[in-house]
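Residue numbering begins at 1 within each chain, and the chains themselves are lettered A, B and C in the order written.
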Amino acid sequence: MHDKTLTQLAASLKSGEFSSRELTAHYLQKIEKTDGKLNSFITVTGEQALDQAEAADKARAGGGDTGILTGIPLALKDIFCTRDVKTSCGSKMLDNFIAPYNATVVEKLSAAGTISLGKTNMDEFAMGSSNENSHFGPVKNPWDLKAVPGGSSGGSAAAVAAGLVPAAMGTDTGGSIRQPAAFCGITGLKPTYGRVSRYGMIAYASSLDQAGPMARSAEDCAHLMNVIAGHDVRDSTSVARGVPDYTETLNAPLSGLKIGLPKEYFGDGLAPEVEKAVRDAVKMYESLGATVREVSLPHTHYAIPAYYVIAPAEASSNLSRFDGVRFGHRCKEPIDLMDLYKRSRAEGFGEEVKRRILIGTHTLSEGFFDAYYTKAQKVRRLIRQDFLDAFEEVDVLMGPAAPTPAFDLGAKKDPVSMYLQDIYTIAVNLAGIPGISVPAGFAGGRPIGLQILGTHFAEAQLLNVAHQYQQATDWHLQLPAIAEENA
Amino acid sequence: MQWETVIGLEVHVQLATRSKIFSGASTAFGAEPNTQACAVDLGLPGTLPVLNEQAVAMAVQFGLAVHSDIAEVSVFDRKNYFYADLPKGYQTSQMYHPIVGPGEVEITLDDDTTKRIRIHHAHLEEDAGKSLHEDFLGMTGIDLNRAGTPLLEIVSEPDMRSAKEAVAYLKAIHAIVTYLGISDGNMAEGSMRCDVNVSVRPKGQEAFGTRAEIKNVNSFRFVERAIAFEVERQIELIEDGGTVVQETRLFDPERDETRSMRTKEEANDYRYFPCPDLLPVVLDEAYLDHLRSQLPELPADKRERFQSELGLSAYDASVLSASREMAEFFEEVHHVCGDAKQAANWVQGELSGALNRENLSITNSPISARQLGELLSRVMDDTINGKAAKQVFQALWNGQGENADEIIETKGLKQVTDTGAIEAMIDQVIAESPAQVAQYRDAEPDKRGKMIGYFVGQVMKASRGTANPQQVNGVLKAKLDALL
Amino acid sequence: MALEESHVRRAAHLARLAVSDDQATGFVDDLSRILDMVDQLQSIDTEGVSPLAHPLDATQRLRADEVTETNQRDTFQRCAPAVENGLYLVPRVVE
C-alpha cells in the first residue's frame, strides 16, 4: 500500500480494495517500525487516526457524498494547531502546548474526510534548512541516513519519502517545502502567498509563510490543493479569489509552453550533477513541446540578504507572545516578571531561534530600522519586479530547488553557509509567487529536485507542468530502501 | 517672571463597537475575568487579526466631525514591548499612516469666547488587558477581557494654554464622541482616558519648554488638578535653578500630585514596523461621502442653531448642547410644545433640579421629553397655570399618570377662565372677609395694592389653584374698588 | 555596520532573552557574519523604490461588527502555567 500514490490509494478506497482502517493501521505499523531510524514524527495519534478511519469507512459505506480523499491518512507538520493534540512547532517552548483549536487547514482536511496520523518533526519555529534545529532531534533522510532531509518541513518530507504516510502538509517561508521535497525525492508545492489560510499555523514570518502539500506526485498535490486552497475570513492576508479544480488541467498539453531559465540560477555554487539533472529535465520538456530561453532575475543575489532582515524582523515580533504567561514554557521560580520573561524564553528557545530574534530585534531598533528594514523592503519590491518582468516573457521558470543534493548531518555549522542553501527558493517567498519542486534524478543516491516557478496564482499551471513531466518520467515513483523494510 | 503654560492632550477613546477591533469577542464591560478574551485576544499561537468595519467607520466619523483629512491609505504597525497585560508582546497601532489626519476642534471658554485647538492626528489601536494587584499570594492577576477593545487615540497639538482650556478641550472631545455615538464617554469605566503633556515657558518665549507627560488622568477634575500641580512644580523647579526633565509622570488623585514613573523608562525602543498580518486599509471617496451624509448635527452646530434659530441665549445654547442626550431631550420638548424658551427654562430649571436632587442622568429621567412637552403645551394654551404645571410635573415624576392631560383631569387642575365662575368665587370671598374688606377700604390707596394679595390667595385657594391668577387679580380689584 | 556586544545585549534585553557572557560572545560572532552578508543590500540603488510590505497588492478586508466568540476560558486556561480565579498569574508587578 505504501508504494502507492495518494491518488491511487483514493481509487483503491473507493473500489473497496481495502478499508481506511486497514490502510491507516498499515501506515501506523510502518511508522512504529521505521520511524525510530528517521525521527520524522514528533507525535503519532494512532488511536484518533483509527477512530477517524472507522468513521471514514462508515461514511463511505453509507454512500452519499463523500469526498475523493475520504479515509486517506495524512501527516501534519507540527506547526499547524490541532485541537487536543500537542502542537510543539519543534520547540521546547511548546513541548507542553496542547492546542485548544484547529488550524483552518486542519479543519478543511478533516472536513474532506482525511485522517491525521500525527505531527511531523521540523526545525524549531520553521527556522532552518536541515531539520537539525528541532528540540526533538534531527530527522534523517530516508535515502541516506547520514544525510539531512532538508528543512524546515523535514519530518513531512522524510515521512512521505519513506512511505510512512502518502502525503503531508508543510509550510514554506524561504524554501521549507521545496528544499526538503528536493532532498527527499518527493513533490512539494508552495502556493501563492494568501492562497492557503495561515490561521492556526504558528507564524514565523507572516508576510512570507505559506502552507502547501508534500506528496509523491503533482497529481496528489492537486487533490490536496483542492481541499486546502481558498479564502478564510479569519486570515486578512488570505485571498478572496475563486479556486479552480487543480486536477482538471493536469493533462493539458505542454506544446507552446514557454520556459525561462534564470541565468542567475545556473552560476557559481551549483553542483554540476544538480545542473545536469535540471538541464536534462528541461530537455524532456522540450521534447514535450515546450520552448526554452534564458531570462534574468538580476536581484537574485540580494534575496538572501533581504530575507534575513525581513524574516527575522517579523519573527522577533511574532515570537514575543511566547512569554511564559498564558501558554508554553515557564521557568521555575521566577523572582519577578523580567526574570520570568528572560529565563522562560532563554530556556524555551533554541540557538537558531534566538539568533533570528536577536537579528530581528537589532535591525528593527532605533538607528538601524531604515538602513536594514526599509532598505530590505525596497529590495523586496525589486525582487518581485524581476519575477513579474520575467513572466511577461515566459510562462514558467525552471531551475534547481537547491544548489546541492542533501548534505550530511552536521556538515553546515556556520549559520550563514546554511542560509545560502536557500539561494534558489527564498526570492520566491519575497515575491509571493508559487513554486513546486519535483524529483528529477539522483546524485550519489541522493535525490535532486527541479524547481518550477509561476506567476501569482499559477498553481494549476505548475501542477500541470509538473504532472506532464511525471507522466514522462518515473523519478517520483522511486522509493528508498527503507520504505521496503517491514513492508 | 511671567510664565506661560503649554498643554497638549492624548485622549484614548474606547469605541462603542459590539466586538473587538481584531476579533469577534464581546467588548461588554464588567464580565468575569478572561471570559471575553478569545484565542485572538490571548495571542494564542497561530491566531490572526481581522479588522472590525465599525471601528474604521467610527474613526472616520470622528475625523469628519473635526474636519480632518481622512487617510486614503492607513496602515497598522506593531509597537513592540513586553508587559504582563499585553498578550502578544506588541500592540497593534498606527504609527506612520494614521487613519485620521490633521483637524481642529472649537472649544468654548467660560467667558463664551471660543478658541480652535488643532488635532495632530487620530489613530486606531487595540487596548491592553488589566493587571489586578490584589493579593494572589504575592502574584499579579491578569484579566484580558479588555485586550483588543478598539481605541481611537486623539492627539492634539500643544495649543492649550491653561488647565481650563484643557478641560474645555476634553469636554469638547467628549461631546463630539458622544454626539457621534462612537463611545459612551464613560470616564469612570475607562471609556475615555487622557494623557496630558505639560510644559512651561517664560511669557513671550517662542520655544517650548521641556514637557512632562502625565499618564492616565481620568476625569475632567483630575485633568485640571494634575495640570495645576504640574505647572506649579515645573515653575518652582525652574525658579529654584533646576531643569525639567522629559519624563512620564503619574497623577495621584489621593495626594493631589504627580510623581515620576522611574520604572521601565530605561530602554524603551518600540521597534515599530508594519503589521504583516494586516493589509493597508484603503477608503474611497464614496465611502467617506456615505459616512459624511450620516453625520449627526454636532455640538458646535447645534449651539449655533439654538442661538440663531431658536433665539436662546449663548449660555442656554451652550448648556443645552453640551451633551447629545441633553440636546435631544430639549429638542423633543421643544418639538412637542413649540416654544423654545419655555422648553429651555423647564429643562434647565425644574427638570435639571429634580435630576440633580435624585442624582439621575437625563437618559434616566422618569419624565420623558414628550411628557414634558405636552405639559408645557397645556401651560401655553392656558389649560393650566404655572403653579398647577409644577403639580403636574411632580405627579408625572412620581408616575401618577401617563400624561399631563390625564393628571390635569384626575386632579381637577384645569384653569378656570369662566368669568362668571370667578366672579362668584370672588363675591363669596368678599362676603366671608368683612374685616379684611374694611381694612382695605380704610387703607391708604398706595397700600391697597399689597393688601389685594390676601384676597387673591383666598380665591386661588377656593379654586384649588385652578383660577387664572391674572383674571382673578383684575376682577378682584374692580370689585373691591367698587366698594370704596 | 559593525556589531558590538552592547548591541547584542541591548537586543537581548529588548527581546527578553537571558544571555550569558559566553553566549553573548558567540552571538556577536554569528550575528556579525549574518549582518556582513545582509550589508550587501547597501550596494543596491533603491532611490525612488517604495518599500514592499506584502507580496500582493491587496487591501484589508473588514469584518462585520458581530460577536462571534463565546466564553472558552476553561479550555484556553488548560494550557496556562498559572491561573487563579480565572486570572493568569505572574510575579507581582509593581507600578
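Heads up, the rule we're going with is that contacts are C-beta pairs under 8 Å (C-beta built on N, C-alpha and C of every residue); 3 or more make two chains touch, one makes a residue touch a chain.
Source: prediction; values computed, not measured.
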| item | value |
| --- | --- |
| Chain pair with the higher count of C-beta pairs in contact (B-C, A-B) | B-C |
| Central chain of the complex, centres being mean CA coordinates | C |
| Gap in Å, rounded to a whole number, between the CA centres of chain C and chain A | 23 |
| Centre-of-Cα separation between chain B and chain A, whole angstrom | 57 |
| Whole-Å separation of chain centres (CA-atom averages), chain B against chain C | 41 |
| Junction residues of chain C, two or more chains touched | 10, 14, 16, 53-54, 58, 60-61, 63, 72, 76, 82, 88, 90-93 |
| Per-residue overlap in chain A, given as positions that touch at least 2 other chains | 97, 99-100, 207, 233, 236-237, 316, 320, 323, 325-327, 337, 341, 361, 365 |
| Residues of chain B engaged with two or more neighbouring chains | 39, 42, 44, 50-51, 80, 82, 84, 140, 142, 269, 271, 276, 278-279 |
| Contact set on chain C toward chain B in their complex | 10, 13-14, 16, 53-54, 58-69, 71-73, 76-77, 82, 84-95 |
| Residues of chain B touching chain C in the complex | 17-19, 23-26, 32-39, 42, 44, 50-56, 75, 80, 82, 84, 131-133, 136, 138-144, 250, 261, 263, 267, 269, 271, 274, 276, 278-282 |
| Chain B residues within the chain A interface of the complex | 39, 42-51, 78, 80, 82, 84, 87-90, 140, 142, 269, 271, 273, 276-279 |
| Interfacial residue positions of chain A with respect to chain C in the complex | 96-100, 192-194, 207-208, 233, 236-237, 239-240, 299, 301-302, 304-306, 308-309, 316, 320, 323-328, 330, 334-343, 345-346, 349, 354-355, 357-359, 361-363, 365, 368, 371-372, 374-382, 384, 414-416, 419, 429-433, 456 |
| In the complex, chain A residues that touch chain B | 80-81, 87, 89, 94, 97, 99-101, 103, 198-203, 205-207, 233-237, 313-314, 316-317, 319-323, 325-327, 337, 341, 361, 364-366, 369, 373 |
